[in-house]
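Consider the two complexes below, in which chain A is the common component and chain B and chain C are the respective partners.
Coming up: the complex of A and B.
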């Protein structure tokens, strides 16, 4: 009722402040605020506006040129008398990064500009309603009192933008160029090639064969690595926690040992342990009269060995987590089950397993995602070997991430590596988002 | 309402930070153009001053990437004593240095002088991160072996200052071999058959066959090669010619005396057996001269014997040279240091301190050169060696032939496997 009265009181001013404030803000950021008599804020914004225009005029054309052309003058050697001189030209990669940064800053400024117009509109509307706009002092104290978390959050946000989003966009851009060892800057300029790298990777038979085979193995590997590690840990946890087991903490400590040794070290040791001729595993098998297994030299065996070693290294973590969850299951549930005459396996299946799964499901999915990207173990244990003559720069046990590493670091095929990087990025984000939105543990939290 | 104002103030704070960032990038761009100009000027000045004397830039200080050893520290100290230019030695492996320079160089934290193996040179030149050896070209050409100079040259331009050459040969444990005759491959096979005790892991002969660098040795005796014209012509591929096929058939025969999968005969395993005195003949590289000279048994080096019924076995060799970074702020001082550390006297000193095979020519009989049986054996092997290609096409050799050697060792059909690998190499090189 009160509000209606105010509106009726100032009908002739209706929309006047709003329009003018917005119009002025469109002309220059801050003018609208000055018109709204928020002088300090307005002048501050105007100063930023001038600075922003200045930067836009001085660096935006260069940035756009850099992004569009990736450089025009080549670096070359020039002989001056007896000495060679390197005449530096454009460095495509730096041009791309600098261009990206400038464009990012410009986007933020445009966003601020729009926010400024909105603010002018809102304040104008308040004035029409007869409310006095905040003074600068009031604004500051309001910010200090109520907007403090936002200010603190702004710093990591900046980090996310410049250290996470920027590199990802950079990687995505590289996939559309011809950036390989043969066009390495500064001696060469990089060119935009559109979807060329995607086409080559997916259409040329030798490459697509490698890509599909490696992708398939990556998923198989991630599946088995996760399942074995998880259920191995589950079993160990149930055994350690079951009634009548003495020295529980001793068993827990013993089982956690594989995890306590740095993975880097244990993987390299495992590599020697599983050596087909000299490794202790085969030596013992030989003593027992069992034929030696080609642990690392046969494609199928090498894959199995990978999964075994990963199981050994990863089950302790699952075990610890599951022990933690087991202790939260109310005892009276089991007591009630006992009264009803449930057997041990029934209790495990109907009480323990669902209770554990409820908490563990998101973690299992994250472990699966981590295993898709489990670079260390594959690179250190088999390094992708045994070699495969049908693959392009990959061996039988290479997963996508190790293949990507080999393509970029060893073969200098940065554009192909970026295409694979984009693929991995998409797969992982799908899993991560699905994980957060679908699993029960997260849903529950959202509801509360 | 005030909520929104707060957001606005927050935005402004963001902008302050962003503006700071933006300012920095702008000024960064300016300074790079400035330095480009100044280095340009100094270069012209140096040229204008005449070509008689190369003078170091005032205030020069050098960063030096190499595999750090006693010799590199010694040479850096000597250089500082002589010219008063500080040299900081950083431990960067020869095979990592080019990749690091492409990122560190533009950032201004790269080396001025760096070591590169000749198989990395093609990539470095293509990327334009190193400067040619111009001022000291004649001196370098005159003191070093032709093969080392050629290995440091791409398309007729000499880039490197050769430090050493390396190859592989047969290290022999004299205590185990005693006076068994080892003049031909048949001798080695006969000896190994007698000596091998697979159950107790004792072997007569072993080599790291999963590394294609060594496997080439078994092709050359009958006329095989990787690239034509002494490994310089990547359009002429010889990995599947008649000689290579015959050589690989012999290679398969070696399984008799080395009953292992190639991937199991790893470097760690082989070195372990060798140092424990369980391996009599170890085909290994000259970079181990220093280590293997100190073992508790008597070690001798024999060149690889000729192939049965064929010609001399030519092994692949490599070269390590120092190069001047094109990002160097003190190119003159860097050139002086690269030349200083690879002078004839320094190479001899290097030989004494670390046991490298000098790249310098005609010093095999120098009284200051190490005289032990290992060193002399390698000097002999060097005469039967050929530099591996320093062109980037060499990557396709590793890529296609690695699996091929493995398959052949496991009993695949030699001709079909080699043809397939050669086909792969040709397509990859041809489509470039």
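Coming up: the complex of A and C.
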């Protein structure tokens, strides 16, 4: 590619090639390429263009109508002959998704159209400079050599667009509608409501109270869950790797156990272990003559239990990572410290801790973000219980994400759930982008 | 050396060993408890003694007699293995491309993917449900596999960080020798990446093996259920009077994954640390 762009002298006589190529490409995608004598490519693009126009004419108006109105006819009874029959109306949700897909395809077409014009311009310019345009074969081999990343990424990205991006856009749209179980299509039509759901969630006292309380607890939870897991892992790593300890791999394997057991199994088991009436923990406490603790039935205790169980689940990963980092700390730092007469705790505090923190900081933030979103443990361990009478469909231990789940799957308040989803998403993206931009994997060492 | 030193080391070590033993007990207890419960006679959660007084295998056989446990197991394995193969290939390719190639829009694409990976999955579930409905894929394993595999590349960062550590000169040398992109990836880069492959495969496998929210939504009929869904429904319905059977189910579900993890421990540490080394 680079070799082709060599500066060369060419007669000033015209810019006709590129002008004409661009003009033709504006009229119809592919014409510019044909004009540039790239026939195979040009006709392919032209065929694509015809198909695109056909799609645009046949389905774009419908799609725009669908997105704008979300359907106009409600399911209703209609007199057919002498009997009333149920006539299906418009299905707002299907209309919305189909509309989205069509608009998305159209955007891709437009993008290709613009790319076609750019390509015609470039080739025209090369022709003015006296370079023969690539033949179809050359184009193909150029694509294989220089567009390799795009081709490889196309498949995973298609999956991501279809199963992640589209659904997210859909759910963001839902936040601006009145989509709830009561307006469930096809029986009813859904309407655009603008910021109504946002207003209701933040203005109506009962809802806003739940929203703020649950948000506060979500952050407290994420903070403690992250800190305990991290420092627990740190302590375990130091313990296992400290001088003179034998059977290191045995201890390590034992500590990995909580990480290795599938989470849905271990959390369900934990739910039974901490069962207030029959669970073994209270049973042992009873044997020791200590009063039973209301592990999962008292609001404060339930929160503490959640953090304990999360500690059990999460410290092994931190431990494994920190063990890895410990092995990369240069030995001579410790030797130098020994010569200076540093004690063991000084070495830990002044060498090990800063070195590990340096590598782990981005991961701790990611862990924090993941804990804000830690649906599984809350759902499986407490399911948000104990119930809170002051909250709207949330319990004391519900975090935002489980509340969202309950609102959508159990209460059918899809628009409220979407508003919460958008809120979570904004909070998380801020953390993630800020964090990720700082990590080495992003700051490209090599600019090649 | 001062004479006090040796005594001090001994004291330090004894404390360390006590801590290690306590921590081991803390880690292993739930697993042992559920194992014991699964062999205990009767079906209640409560037991008077720490160790069962009499042992029985009947809960395991009941599991297959009363519930379609064998079917669930095969379903889960089928889904997990297919998603593992597809998801691993997609993740490795994505990570490799981002690591080796420089192209326009690369950084933005990476940021977008990372943020998308944080999006709460079931926020979009209703939409996915409708999409699957449109494609006539509801209540099929194919749907679950497609969705799991399609989601896997969002977690490409570990793969990318790992590939970043492979010396670029190797790839350059191969390219000078005339090797194409694909041969370089398969013949040179992949053989050097065993820890990463094992780590990615293990993660996608367990992800698919243990997910239940999405599987619960899509898989409706009993003959399509996975282990997680089946076990969860079991505990949801009547866990208190079938507890020991549930425990047996847990043991059967957990054992293969646990063994896999312990066997793969070495790769796990290497994969994790290579991926984590990005301060």
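The rule is simple: the second predicted complex is superposed on the first by the 414 of 448 C-alpha atoms of A that agree within 3 Å, B and C clash if a C-alpha of one lies under 4 Å from a C-alpha of the other, contacts with A are read in each partner's own complex, and residues count from 1 in each chain.
Methods note: contacts are C-beta pairs under 8 Å (C-beta built on N, C-alpha and C of every residue); 3 or more make two chains touch, one makes a residue touch a chain.
The structure displayed is predicted, hence computed values, not measured ones.
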Counting only touches as set out at the top, which of chain B and chain C does A:363 meet: first, second, both, neither?
-> second
Looking at the overlay, what does A:317 touch: chain B (first), chain C (second), both, or neither?
-> second
Looking at the overlay, what does A:353 touch: chain B (first), chain C (second), both, or neither?
-> neither
Scan A:257 for contacts with chain B and chain C and give back first, second, both or neither.
-> second
Using the superposition on chain A described above, determine whether A:94 touches chain B (first), chain C (second), both, or neither.
-> both
Does chain B (first) or chain C (second) touch A:421, or do both, or does neither?
-> second
Look at A:160 in the shared chain and tell me whether it touches chain B only, chain C only, both, or neither; answer first, second, both or neither.
-> second
Could you look at A:39 and tell me whether it touches chain B, chain C, both or neither (first, second, both, neither)?
-> neither
Chain A residues touched by each partner, larger count belonging to chain B or chain C = C
Does the superposition put A:212 against chain B (first), chain C (second), both, or neither?
-> neither
Where on chain A do the contacts from chain B and from chain C line up?
-> 94, 150, 162, 272, 275, 277-278, 409
Hey, which residues of chain A end up touching chain B in the complex?
-> 41, 44-45, 48, 51-52, 55, 58-59, 75, 77, 79-88, 91, 94, 98, 101-102, 105, 108-109, 111-112, 115-116, 118-119, 122-123, 126, 131, 134, 138-140, 142-143, 146-147, 150-151, 154, 158, 162, 181-182, 184-188, 206, 272, 275-278, 286, 294, 296-297, 385-389, 392-393, 409, 411-412
Residues of chain C that touch chain A when the two form their complex = 9, 12-13, 16-17, 19-20, 23-24, 26-28, 30-31, 33-34, 44-47, 50, 90-91, 93-94, 96-97, 101-103, 106-107, 109-111, 113-116, 118-120, 122-128, 130-131, 134, 146-147, 149-151, 153-154, 157, 160-161, 164, 168, 181, 206, 209-210, 212-213, 228, 231-232, 235, 239-240, 243, 246-247, 250, 253-254, 257-258, 260-262, 265, 268-270, 272-273, 276-279
Which residues, counting only chain B, touch chain A once they are in their complex?
-> 1-15, 17-19, 21-22, 25-26, 29, 36, 40, 43-44, 46-48, 51, 99, 102, 106, 123, 125-129, 131-132, 134-135, 199, 201, 210, 260-266, 268-269, 272-273, 326, 392, 395, 399-400, 402-404, 406-407, 417, 420-421, 424, 432
Touching chain C in the complex, chain A uses residues 93-94, 97, 148-150, 152-153, 155-157, 159-160, 162-168, 170-171, 174, 236, 239-240, 242, 244-245, 251-266, 268-273, 275, 277-280, 283-284, 312, 316-317, 320-321, 323-325, 327-328, 358-363, 369-370, 373, 375, 379, 401, 404-405, 408-409, 414, 417-418, 421, 424-425, 428-429, 432-433, 436-437, 439-442, 446, 448
